[in-house]
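Structure provided below as structure tokens; questions to follow.
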Amino acid sequence: MTLLAVERMKLFTTRSPWWCTVAALAVTIGFAALMAGTADAQAPLTVAATQFGYNFGLVVVMVMAGLAITTEYRFSTMRATFLAVPNRWSALLAKTAVVAVLAGIVGEIAAFGSWGIGKLIKPGVDLTLNTAYEWRAVAGVGLVYAVAAVVAVAVGVLVRHSAGAISLVLIYNLLVEGLIVLIPNVGPKIHKWLPFNMAHQFVTGNPDPTGRDVNFGPPLSDATLGPWAALAYFAGFAAVLLVIALAVANRRDA
Amino acid sequence: MTALLATERIKLFTTRSPWWSMIMTLGITVGLAGMVALTHAGDRPLTVEHSQFGSQFGLMIITVMAALAVTTEYRFATIRTTFQAVPNRTSILLAKTAVVTGLAVVVGEITAFGSWAVAKLIDGGPELSIRDSGDLRMVAGVGLVYGVAAVMAVAVGILVRQSAGAISILLIWPLLAENLVGLIPRVGDDLRNWMPYVNAGRFLNGVDPEMPLSAWGALAYFAGVAAVLLGTALVVANRRDA
Amino acid sequence: MIEAVGLTKRYGKTLAVDNLSFTVPTGRVTGFLGPNGAGKSTTMRMILGLDTPSGGSALIDGKRYRDLHQPLRTVGALLDAKWVHPNRSARAHLAWMAKSNRLPAKRVDEVLDIVGLSAVAGKRAGGFSLGMSQRLGIAAALLGDPQVLLFDEPVNGLDPEGILWIRKFMHRLADEGRTVFVSSHLLSEMALTAQELVVIGRGKLISQSSTEDFVSQATENTVRVRSPQLGALRTALGRTGVSIRDEGESLIVSGMDCADIGELAAQTGTVLHELSPQRGSLEEAFMQLTGDSVEYHTEIAEGQVPATLVPAGK
């Protein structure tokens, strides 16, 4: 418990988490407002359409999570941390937990904020959360952010360099998965099993046919797993990466 | 100016970043081209465009390299040593921009022609020959786009002065923000047409008739945005304490 | 010659340098003294055109730094030994600096030789110890064979041998007729190194004078007297109006020299066991002068003067 408190203090006494939180919230919610404001008959506002900006928040949160760890290496506070808590597993797990929780909270605020601002701007549109699909589309964002933060922390521990970790995380998430799908023949088959596609499947998967339009929302994932299985897959990927990272951190010099 | 160019050339090549960025860009783009050529099935012929599959990847690596060329100077405060040696900040920063841009152009051309050659060697299909100006632009144009992107990255690096911030902006903007803009109902498409990296893509991959600018117009627009950004960065760098 | 006229620098609410005017004469080592946070580094950055003054100006031989053509040939400076890319070798670091001012490449090896880094010239600067970094910084300052040299706390973190080396080095530079301006927060160090002193506190000028004058003006000269008849002696001294302070078994007298005290003792028939002049310590003088202007006060009991204002190695 003390470790969690320590890591929480460390996180909130630096500036980058604040910057990232503000940027993530401002852009996702701001973009939802833009979408709601410009919605019309051709591009109606739906629950899913309020969440277009979620990928933006996702990458910003990952930058935040990566920085939380790489700045420690950069300013050698990692050494101070390991001096105070020689058990590196618990020190790093505490940090991961705090960062993931913050990411989850930012995700929920971003998602419900986006949804809320849509309701506010277009009170006439029915945006109530009726189905499991709609609940996942909004409330699921926080879960995805939290798991993505774990991925970013693991990458940060492995790479130890802000520039390298951020480049890796952003280029992978924003470019690599999208490029792989374009490889002839094998591309789509691989793409179905890529982690961020799975995360996307959790948020957009299984659109229920009961009523409202699903075309006006983030593009659907091509993954074939069910949404919760997809989330479990994504979380499993994050866990494996984290375990590798922790094992490496434990072996090398601080 | 030649002395300043030489200065910045020494500075760039006595750190590791240009080397790894060159190797990574080359390896990944050429590797991807080879992979596409190998996995390609016979139903549709492989085209020149396919061979440039990884060019956006290379673009991002070059962008990171160019941004780091500036932000590491701020991080290690060598920018102060630099301004102490050359108090005319505009000229030394222009020299740095020129050197980084030059490297980006060279890397771009090598990777583009390398990718094309590898695809051609593996597949050898007729559509892989460079037959018209469009095909040539698709390959030779990559270096130009990398060059302009490097200017953009240097400018953002000067303005932000911080690796994490500059890289985040420079990657999230073209890969995500420009696409999100296109989603906005009614105005999205028009706005997207004026996004700088969208125009860079149009220059390489040909212009659809809906576009307001010609291929070279699109490149000029991309370059114009970079120039304005660089101008702003120079003004700011001159005003601010080193 | 360096000339600061009404130099002022404001960072938001902090007034780091406040209307500071002084001159640094040619051919001498001038110390720039002030407690932590006094504004020494800020002043030096302004002299070098890195920071823009909020008011006033700093001129080097009548010119602003940013107007100098190939400034490394006129002014060499070491403000912070860490301003080096850690992955660049010492030689590469000097090579680009030389190139930027069109200095011959062989000059790089010359200065490496002068500071004794030739053997490690190809090693990455990030792996250098503090002393080696400092030497690399000095090599960079000497690159253009400049007439004016600025050093910001060059002995910080150095071992005694390194300190001695730097001190001798500064004297050699001044003897060659160069202008040397060196900052420190340690008066004891400056007293050995500098001939002239510019003292500042909280951004303001406190004094500019020769080191000798500064020390004798600033230090209070006292005499320690021990006697078995301390009471009688105190009464006799008290009548002359000098100030007396008890310190254990002895008296500390200020305002009267040894000869006068001895004569007074003889007149009153007092036996003396000790009669010794006390030079006030340099640190005391410095504390007295800058006492009100120290930015960060530490909790020290009155009369208890720390050996240095700040632990070295900060």
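We call the chains A, B and C, going by the order they appear; numbering starts again at 1 in every chain.
In this section, contacts are C-beta pairs under 8 Å (C-beta built on N, C-alpha and C of every residue); 3 or more make two chains touch, one makes a residue touch a chain.
The model shown is predicted, which means the values in this text are computed figures rather than measured ones.
Distance from per-chain Cα centroids to the pooled protein Cα centroid is smallest for B. Chain centres here are means of the Cα atoms, and by that rule the chain farthest away from chain B is C. With centres set at the average Cα position, the gap from chain A to chain C is 54 Å. Computed centre separation for the pair chain A/chain B is 27 angstrom, with centres defined by C-alpha atoms. Chain B and chain C have CA centres that are 49 Å apart. Not a single residue position of chain B touches two or more of the other chains. Against chain B, the residues of chain A that register as touching in their complex are 16, 31, 34-35, 38-40, 42-43, 52-53, 55-56, 59-60, 63, 67, 70, 162-163, 166-167, 170-171, 174-176, 179, 182-187. The part of chain B that touches chain A in the complex is made up of residues 32, 35-36, 39-41, 53-54, 56-57, 60-61, 64, 68, 71, 163-164, 167-168, 171-172, 175-177, 180, 183-188. Those residues of chain C whose C-beta lies close enough to touch chain B in the complex are 45, 48-52, 65-68, 71-72, 77, 79-80, 82-89, 92-93, 95-97, 99-102, 140. The part of chain B that touches chain C in the complex is made up of residues 3-4, 6-8, 10-11, 14-16, 72-73, 76-78, 80-88, 92, 239, 241-242.
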